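Look at the two complexes coming up: chain A is in both, with chain B in one and chain C in the other.
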Partner chain A sequence: MSKQRKRKPAKTWERIDGRKHDELRPIHIESGVLPNADGSAYIEMGRNKIIAGVYGPREMHPKRLSKPNMGVLRCRYHMAPFSVDPRRSPAPSRRDTEISMVMRDCLEPALFLERYPRSVIDVFVEIIQADGGTRCASINAAAVALADAGIPMKDLVSACAAGKYEGRLILDLGDYEDKKGESDMPVAYMPKFEQVTLLQMEGIMTREETEECVRLAVDGCKKIYEIQKEALKKKYAAVREEAGQVAAEAEFEPEPEPEPEEAEEPTTEDEPTEDEEQ
Partner chain B sequence: MSNGIVSRLKRKKIEEVVKTGKRMDGRDLLQYRDLQIKTRFLEKPEGSAEVKLGKSHVVVGVKSGIGTPFEDSPDEGVMMVNAEYTPIAHPTWEPGPPPDEAVELARVVDRGLRAAKVLSMEDLGLVSGEKVQMVYVDLYIINFDGNLIDACSAGALAALNTAELPEFKVTKGAVSSTDKTKKLKLRAHPIAVTLVKIGSEFIVDATADEEEVMDGRITITLDENNNVNAIQKSGPVGFTVDEIKKCINIASEKAVEIRAKVMASV
Partner chain C sequence: MSAKLEERSIVVPGDLIYEGRIRTGDNTYRDRENVYATKVGLVNYSKDRVSVIALEGGYAPLVGDLVIGTVTDLELGQWLVDIDGPTDAVLTVSEATDKPFRTSLDMTQILDVGDLVVAKIFDLDRNRTPLLSILGRELGRVNEGFVIRITPSKIPRLIGKKGSMINMILKETRCNVTIGQNGRILINGRSRGDEELVERVIRMVEDEAHTSGLTNRIQEYLKSIKEEKK
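Up next is the complex of A and B:
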């Protein structure tokens, strides 16, 4: 079997979508997509489409789950019934429970939970469409959403899977590679601290391959880290642009029409008097 | 996990002791508690094992039945692993739906067995797309004192190793039972080794107290060819790439030790 494998890929080996072995799928991240949430992010990673929303820090319900000395990070990973083929039940599966747990464990090292006694930070992730590697894509979105919520963080958390397919180590497995490949290893990483905060693996790999796989995934995470930072900056660039426009308009408006300036004056006077009453 | 002042004091003490290269119970950092495995001790299940790892006590039962295959694998049998946190095992455990930890335990043990391709699922097919043999592995926690993953993984392997499934006769798509049984053939022998990080030290086979105050945990499952089958990191802490490498090295040594005990019991 190994003979065949060695000969075949040398010439024609190519990934199913034509990517190089260490190439990520196209990633698009947008922050601040949910008006009601304190922080949010939308990610497209390949054909994965995922929304993450962050609420908090806020009071914990039910109260018995709160901790007197620190805050609690609560994660919920949930797949839409139509996100996979065939349709799945909307009820949380054992898989969802486990992924919610590992997501919490991988994001928690980035937060200062000791600052929020008795409180909770809720991270909700909805998978709208799944295409392999949803937990990594979810973590990427969740980290951006946490930052978008203005929650102080030690670092972003970036996640990416690596694995083995047709005898080769590859980065960022797609759905097909995930299902048909020999092994799959999702990894999350905090680049600033060089810490792996999520590590799972399933399949058959030698010890050397396993170590190499971790390195490959970590390199992928570092690339995603830059994309996440861009997504955060982009939102503020947009805000600044908008603010600039508003300021420019405000400066520009009073000049042609002097009357409204007079009309505005009493309102500005009203405010201080209200303050005095209080 | 660590909640409140008591565990913070406990943590301080445990961390201090671990720093000196010893444990609260006098063990070395990389030393397992006494591991006892007894197989074939139940008559009703097709395979069984009782594992005592220090004061942790687990019973594993393997039952079989007939069920329908998954759509994408019409000729393959189905293996299911389930963990039961019984309220007799610990004062804080209550009856009711399984806690997240139980779900994780079952899934980590399941992942190790499945990834190593322990069972040849094709041999368990009966009528394509309609009927296959099901293999249920139930992990029953009788007493909890830490390191359930390693105890359950060893127990599951031992129970599967001794399992004898009933043989069925298939005539024209109809399945009828026979009096005969057939020993379940295992293709690999994966063993899970869990390392717990306390401060900057790694220990194996943590007790409940040590798990309560741990920073993080990493489980590595290896087969007899020293291939890695499954990894699960848990707990609110990160590991460096070098630490992961170190853990894999330790796990591959310890797995040999535990596997020898499992194989001696069957």
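Up next is the complex of A and C:
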């Protein structure tokens, strides 16, 4: 009897939402959702719904916080009062401050901040609906929003959690697994450089489990990276296709060099404009 | 030594675009023997260099740029001008008027807070703060017309090869258009309708900047509107 009991869950073991141990929740990312921000992104990761906006590089206020030799990245992570049940106070909590700091530290290595002395890049992340793993989802959205803002980056940053639940290592913990599980480890990763930019852990794991957990999370990050890339390209692919069709219908030869020149000699390019104005 | 992608394919930050030794152009960087993109854009392979034409991006001030800005503050002997760049730009009295600076000079007579100004960046100081000048033809306070903003990375497309795009728009609409490299565009036409048409066309260019055959399509569009009016 006891033998059967032991074996049975081993075969039919399933996660609370029916995923495999190394399966991500369904992810949907959209870029450029806020018209007034310089760059923005919306992510749905499972039941997480998060919106990120990026402003800058711009003049920093208050000025004394700016650095004379490099730019500053400012992140604000905020959970909407209705994002969790029961309602949460809208005032920034200790946890919000921590995650803001963590996001800043894990995004900074991907940016060229030394190019923007005395300026600031602001990242605002608003959690509209929370379902566990919001810090990872926020990092994913913030990275896409930064790229959408046209801020030079070495690489995108992808983030994903792994952890231990009912004695098994699992990827991308949901809210229930996060709370009931033994351990939780968010990892942020720059896939092209194979560098980990964030590694946090709570709970208890053995050394072997920890190593396996990092591997699992990194594999998850690589999958998310592809989705992030897709989201950034999607915005242009649609317009390009549409315009391509119009061009074909009008029987235009595609110009040999139709695209933007680098603005190396803006003065000469502007001159015809000025002549026209006289 | 090889190109990794097709010419003009869309790249995102971190994409490997070239393996081997080559000069790196705009929006790229080298890590050991590889060249990567740093912005969302289109790859451009030329003979001796590889670059990325940015599709998004703020304004990075360069010496020689014509910019349109708003005067935000008045200090002793200088104005601060918001040019949508990473930092405010500085316009000193010596670069605004030929008269010598005296404390009795009323600076608000030349420019006041809130004024729009067309200026040229003549230098960057050691902190990379842009220094402006309004000594020159077509520079100075803006008195009429209206200003729209587009993504600064699309300004080169709006100008086109040797000004092909903007000259065509000017010819077809007969408006005066001053393009600031910082993404602000001053439009001054004979009627409000003309100005709105120019704005509509500029928005089209902005949305479809990464497509081919754009100049011809815009010209067709402007001609069709002209015929409708007749």
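Rule of thumb we're sticking to: the second predicted complex is superposed on the first by the 230 of 278 C-alpha atoms of A that agree within 3 Å, B and C clash if a C-alpha of one lies under 4 Å from a C-alpha of the other, contacts with A are read in each partner's own complex, and residues count from 1 in each chain.
Just so it is clear, a residue touches a chain if its C-beta (ideal position, glycine included) is under 8 Å from a C-beta of that chain, and two chains touch if they have at least 3 such contacts.
This one's a predicted model, so the numbers in the text were calculated from it and none came from an experiment.
Asks: So, A:P152: does it touch chain B (first), chain C (second), both, or neither?
Replies: In the superposed model, A:P152 contacts chain C only, not chain B.
Asks: In the overlaid three-chain picture, which partner chain does A:E202 touch, first (chain B) or second (chain C), both, or neither?
Replies: In the superposition, A:E202 contacts chain B only.
Asks: Taking the superposition on A as described, I'd like to know which of chain B and chain C A:F112 touches: first, second, both or neither.
Replies: Second partner only.
Asks: Which partner, chain B or chain C, is in contact with more residues of chain A?
Replies: C
Asks: Regarding the shared-chain residue A:V218, is it in contact with chain B (first), chain C (second), both, or neither?
Replies: first
Asks: After lining up the shared chain so the two structures overlap, which partner does A:M101 touch, if you call chain B first and chain C second: first, second, both or neither?
Replies: first
Asks: Now for A:P68: first (chain B), second (chain C), both, or neither, which partner does it touch?
Replies: It touches chain B and chain C both.
Asks: Once the shared chain is lined up, is A:M190 touching chain B (first), chain C (second), both, or neither of them?
Replies: both
Asks: Using the superposition described at the top, list the residues of chain A that contact chain B and also contact chain C.
Replies: Shared contact residues on chain A: 68, 190, 193.
Asks: For a test of understanding, state which residues of chain A touch chain C in their complex under the given definition.
Replies: Touch residues, chain A against chain C: 38-39, 56-59, 68, 71, 110, 112, 116-119, 147-156, 190-193, 228-229, 232-233, 236-237, 239-240, 243-244, 246-247, 250, 252-255, 257-263, 265-267, 269-274, 276-277.
Asks: Could you list, by residue number, the parts of chain C that touch chain A in their complex?
Replies: The touching residues are 8, 10, 12-16, 25-27, 29, 31, 36, 38-40, 42, 44, 51, 53-58, 62, 64-66, 82, 86-88, 127-128, 137-138, 151, 153-157, 159-163, 166-167, 170, 176-179, 181, 207-217, 220.
Asks: Which stretch or stretches of chain B touch chain A in the complex?
Replies: 3-5, 8, 71, 100, 103-104, 106-107, 111, 114-117, 216, 218, 223, 226-241, 244-245, 248-249, 252
Asks: Provide the residue numbers of chain A that touch chain B in the complex, in ascending order.
Replies: Residues in contact with chain B: 67-69, 86, 94-95, 97-98, 100-102, 104-105, 108-109, 183, 185, 190, 193-207, 209-211, 214-215, 218.
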